[in-house]
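Across the two complexes that follow, chain A remains constant while its partner is chain B and subsequently chain C.
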Partner chain A sequence: MNHLLRKTLLGSAATITLAAGTSAQADDTITFGLLQDFTAVYTFVTDEYHQGQQDYLELINQRGGIEGKTFDTFVRDTGNEPDRGIEAYSRARGEGAVLVDFLSTPVSRAIVDRALDDETVMITPLHGRGDASHGETFPYVFPMMATYWAQATALIDYIDEHRGGLEGKTIAHVYIDTPFGREPIPVLEELAEREGFQLETFAYPTPGTEQSATWSNVRRARPDHVLIWGAGGGQPVSVREAIRNGIAPEDILSVVWLAETDANTVGRDRFEGVRRFEAVAAGTDYPIIEAIQEEVIEPGHGSGSEENVGTSYYNIGVATMAVAVEAARNAIEEHGVVTGETLRDGFYGIEDYDAEGLMPPVTFSPDDHQGGGMGRVSKWDGDSWEPLTDWFSAHEDVVWEAIERDAADFRD
Partner chain B sequence: MFYRLTGVYQTDYAKDRALWPIPTDRWIALLLLAIAIAAPFIFQVHYVANYMLPWLIWSSAALALTLLMGVAGQLHFGFAAVMAIGAYSSIHLARFGVPFELALLGAGLISAVIGSIFGAAALRVKGLYLVMATLAMQYLVDWVIVNVPAISGGAQATLRTPDVSFLFIPLESVWLYYMALLWTVVVTLFVLNIKRSSYGRALVAVRDKDYAASIIGVSPFRYKLSAFFTSSFIGGISGAILAFCYYQAVTPEQFGFHVSIQLVAMVLVGGLGSVVGAYLGAGFVLLLPMILTNFVAGLGAMGILNVSASLLAHIPLMAYGALIIVFLLAEPLGLAKIYDNTRKYFLVWPFRHGQS
Partner chain C sequence: MEYFLELLINGALTGLMYSLAALGFVLIYKSSGVPNLAQGALVMLGAYLTWYFTNAWGIPIFLGIAVAVVAMFLFGMLTERFLLRKMVGQPIIMIVMLTLGLEILLRGVAPGFLGAAPKSIDVGIDLAPIIIGDIFINRGYLVGAIVALVLVAASLLFFRTRLGTKLRAVSDDHVSSWAVGISVERAIAVSWALAGASAVAAGVMWGAEQGVDHNLAALLFPAVAVVILGGLDSIYGVVVGGLIVGILGSVIPGYVDPLVGGGTRDVVVSLIILLTILFRPHGIFGREDIERV
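So, the complex of A and B:
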């Protein structure tokens, strides 16, 4: 649909000085637009995530870039507001950005159509539309990591495999009352029917700082395991309330948004045993993170506080750029230039890339923009996140059913 | 000299009651309109599509709210919910195959009816208590949208706007801008005219003292409700225009509580009850953060401000907050009053008796 204003007018020549003036991308740099929410809702993740992205790109630049090209970033704060996101997106395109990352669900949803029209790659790791994994419908949108559906199925499979099966158990899904919180419910219902466990769902109101009423209901349902599905400030509250209501930490399983800071908030010892899904490994014992420390942080090229290096969200940021750089490398090798279109093809050239063990092996194809949707379950051992499983994915048929269903809605 | 009054005689009542009795005012209004119409051909696309277009739409929403809060004196802290109702209704109506023109009207009516139901609280309560009642509307509407998948658009909670045409013109590319412009001009003329009509004077009477108004024969019941109805009608259509002409996909977060607060801020910073103020306020609240963000980021790129991305993102926020305080301290009656003072200064220039 939508041919945007800029399109027609770009065609009608004469008027446009902007495009001619600034969008001509310098030949030796590749620009990524990191237009994120530094000031409003996603602040719990943005700083570390963005720092990881910058440090990784700096590492590549320090090593001379790829094929002689270096990376540049165009950074703007959107405050989680679609209006500011749209403006920043347009400006980033004017600056020649071939890839944008908003790390904000409302903004990225407002951009989907624009990005598709403009043939600009938009990565939506761990946010945005899960159904964008359907590459045919969303040729320029890359969720690139496990969707929330894949996370839910992986956690259920973990219970099945490692926590004594599912048959006859009660699993509580305790979530923040937003579309994000309820997103996995259809998938969980499907699994409950298939695997023979009982699913109870409990919503708590936004922003999640007060959940005590919800948790006394959870207690009454006597769940064997609890999934907590929130983000930011609500997560430590969920863990604290769960423990207060007699749920053992090892029976608490969280969506990907649970990190070191949450453990500090609840108390590092009390937090011990809590499980979470992780899409990217945490910690510094990985070659890429070690390289960043040696070549970027120590010479003083780091983009933020050194303490953040190796935290969960920092590593997620590193992983997003590692994949993007890989895609750009493929684009250059195949086409010689990096545009939205060649970058997209570059993604398709990525096969079993795992960033030297930092993340599960991902493979992209014109059908699958999720990259396989693998992750693993880790637990807090009182000091750090200790992986309990290898990288895996589960019940992919259920996940893809959900992806296909919503993608079909989008096409309508 | 700038506002030549010499030779301007109002010889009949119609001329005296004209919207802009002074020729200069009229010329300024026409000039602005001409610039707005020619904008896609004289300004860079980036600025038309990302600054002027949203500015126009938010101005129409701010006009609706200033009619309610400024002219009729009824506080409303849930106006984003009114816009949400308009946006969602119009999209659903258009998807059912209702022509866009009627879908807009329908969206306006649905918003107006629901808005008046909550506005009915104004018949019993005033001031802060009315704020609470309208806040309840915000949260109820949010809750309903999030919890009824048929409204929100399924698991992804995103509804895309279908392709539509307005008066046989397909709504795309530059026509998105002209659609928004048309609507904003209509609303502007409407609010300007309300302010000089007996209806507007009745609203003002109710605002200033509702029982005094009822003593002189103005029914607060009727006028309060009709103020909510009219304002919600305009707000609903503005929400629909926002969805169709700008966002092109709606999600519940786009109409959250913080948006209501921003709308109130537009009206207050601009100047309660002022048409010019609605434009200036919307510009201030919507555009200033963008301009400041780009300005500060530009300083960062030039190496003048060498700080972390996070701090760089917060500096515009501080500047923005400081500017709100500065403007409100300098002129508590809002940006419209600053405009008014300037205009009055030039009205008698070179003399100095423009104070009022």
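So, the complex of A and C:
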């Protein structure tokens, strides 16, 4: 059986066993609810992401935890269904979870009100509501990485700075016809007006596995650059169709959801030159990943296939837990105990934390739950993702305008 | 005009790729009268097995495909032996529900055991399109369409063989077939086995395009549109239905999407299903005495 599936089942059993133990044990354990979609829409990312999360927590536990407190996870498969997510959330709360991560936009959106009422920290890295970056409106929700708006502005800025400017150019936004695909359009329209480029938008139907008619249209628009805004199976299809329609790989720029698996599907050589937004570095040449290799994987405590260590989505999972553990460390140092409230305050104590170079420096405050919204652009060099820029953010005024507008709608 | 021709040609090729997924549906219906809602999952499983044998055993892709065909053939026979045979005499709606249950089971089990992250199958088709004037033709879909036509032709020939004739007799009337000494169980097992084998072809061609994951099971939707339009029991219908679904699903969105700002292909496919059922419930080539659920 797939290792992660087994881990899910065993992890659940372990949590239940732990919960039945003594209160002293419970006091020494910090529980995170990893209530994710292992079987439906987000399967393209969940395995590796979850494995990275588990391996990082195992690394911390192997080192004795924080002030003697170790981490445990409560794992459930939500199948990307809000009703299952709500049930899993209730159970996780019952097991003492102080933080939850659904890695599913529909589920995390369904839980927002509950998490706010229950004062449970919900992290929504690279999914969920972008407006949750507005800390005043969403005090217990932490997107913690660049929102899709921030990703769109960064990619446009990259074209401006590194691909010959924007004035007079045509940029095509080719997206899956869902709220996720449509999300960056208002920001792109604003930038088009401001920077003087022409924006053309092209939708393709879910799940994106057949896009030929869409790309015939894209080709006729003669775009200078193409943004592809999809996830999972639709992404390699987009890259294939773009190349088939004569668009050079270096003019294809993707949202964060483009990874090694997509390069394999298209063909590692054919994929060479494709750009993407990168929220967390890929590869194994980072101290945290090396430590995981040495202290977790090699002794046989890893939670999944060794091949996944260092992949894009694995490292994103590691980064999420690295930030969460830092928040827990701050909570313990300041309050001696980790609850939803103290953990939230622990996030506010994080300043310029970059997980030893694995991710851009993030700083959280009661106003900013995005953490700065930085990322970088990398390209596939035929074998791995090569960074082309330093960590940066761009057009933050446009991003925050979108955040504040949607947050205001939520408050209303 | 060139734009229209490009949409037309690529739509036709896409439609024939859908036919590849729909063929197994017709093979089972034509032989046993069972609408198999697990066909999408069989396509997914065929692709998963091809990937697994090719990578785990380190064998060439075409050998991996051959092994997967054998495995899916056996899987089809086992499905009849342990699931379908127990449903003899049960209402058809329960058999349909059984196939739906099988679909859900396979969609969970295959990624669970073989990994949910997308896998790649490389059958060596060049990404570069065939360019005629300003018309770009998708080479992958062209190969898939040729494979579909070859398999359809093979199916037509098969139903003229002695075994194929027995399968048609079983489809007409189980009791009469028993009465003349035809093993109904064996005939149904063979139809499921052939559907499993054809699912490998669909899984490999679509998997080479989009990667191998649970999304392949979603091919059930266009496949159902193809067989409803073409006729549930018609092999010719698979080709014609596939062409119409593919062309309409390409040409109409090609002109309408830019106007409405959205992907309308699923709307077109849904309308094909609804209008066919309303105005020609047996499809273009289907027999009118088909019992519908």
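The rule is simple: the second predicted complex is superposed on the first by the 387 of 412 C-alpha atoms of A that agree within 3 Å, B and C clash if a C-alpha of one lies under 4 Å from a C-alpha of the other, contacts with A are read in each partner's own complex, and residues count from 1 in each chain.
Going forward, a residue touches a chain if its C-beta (ideal position, glycine included) is under 8 Å from a C-beta of that chain, and two chains touch if they have at least 3 such contacts.
Please read all numbers here as calculations on a predicted model, not as lab measurements.
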Scan A:410 for contacts with chain B and chain C and give back first, second, both or neither.
-> first
Between chain B (first) and chain C (second), which, if any, makes contact with A:46: first, second, both or neither?
-> both
Check the residue A:130 against both partner chains and state whether it touches chain B (first), chain C (second), both, or neither.
-> first
First, second, both or neither for A:91, with chain B first and chain C second = first
Just chain B (first), just chain C (second), both, or neither: which does A:38 touch?
-> both
Touching A:214 in the superposition: chain B (first), chain C (second), both, neither?
-> second
Of the two partner chains, chain B (first) and chain C (second), which one does A:345 touch, if any: first, second, both, or neither?
-> neither
In the superposed arrangement, which partner chain does A:177 touch: chain B (first), chain C (second), both, or neither?
-> both
Dominant toucher of chain A (residue count), chain B or chain C | B
Would you tell me the residues on chain A in contact with chain B in one complex that are also in contact with chain C in the other?
-> 1-2, 5, 38-39, 46-47, 177
Would you pull the chain B residues touching chain A in the complex into a rising list?
-> 40-42, 44-46, 48-51, 53-54, 143, 146-147, 152-158, 160, 162-163, 172-174, 176-177, 246-249, 251-254, 286, 289-290, 293-294, 297, 308-310, 312-314, 316-317
Given the complex with chain B, which residues does chain A contribute to the contact?
-> 1-10, 15-19, 38-39, 46-47, 50-51, 54, 75-77, 79-80, 82-84, 86-88, 90-91, 94, 105-106, 109-110, 112-114, 129-131, 177-179, 182-183, 186, 303-304, 402, 405-406, 409-410
List of chain A residues in touch with chain C within their complex = 1-2, 5, 38-40, 43-48, 177, 201-207, 209-210, 212-214, 216-217, 219-220, 232-234, 236-237, 240, 243-246, 261-262, 264-267, 270
Which residues of chain C touch chain A in the complex?
-> 3, 6-7, 10-11, 14, 107-108, 111-120, 122, 127-129, 136, 138-141, 206, 209-211, 213-216, 218-219, 249-251, 253-254, 257-258, 261-266
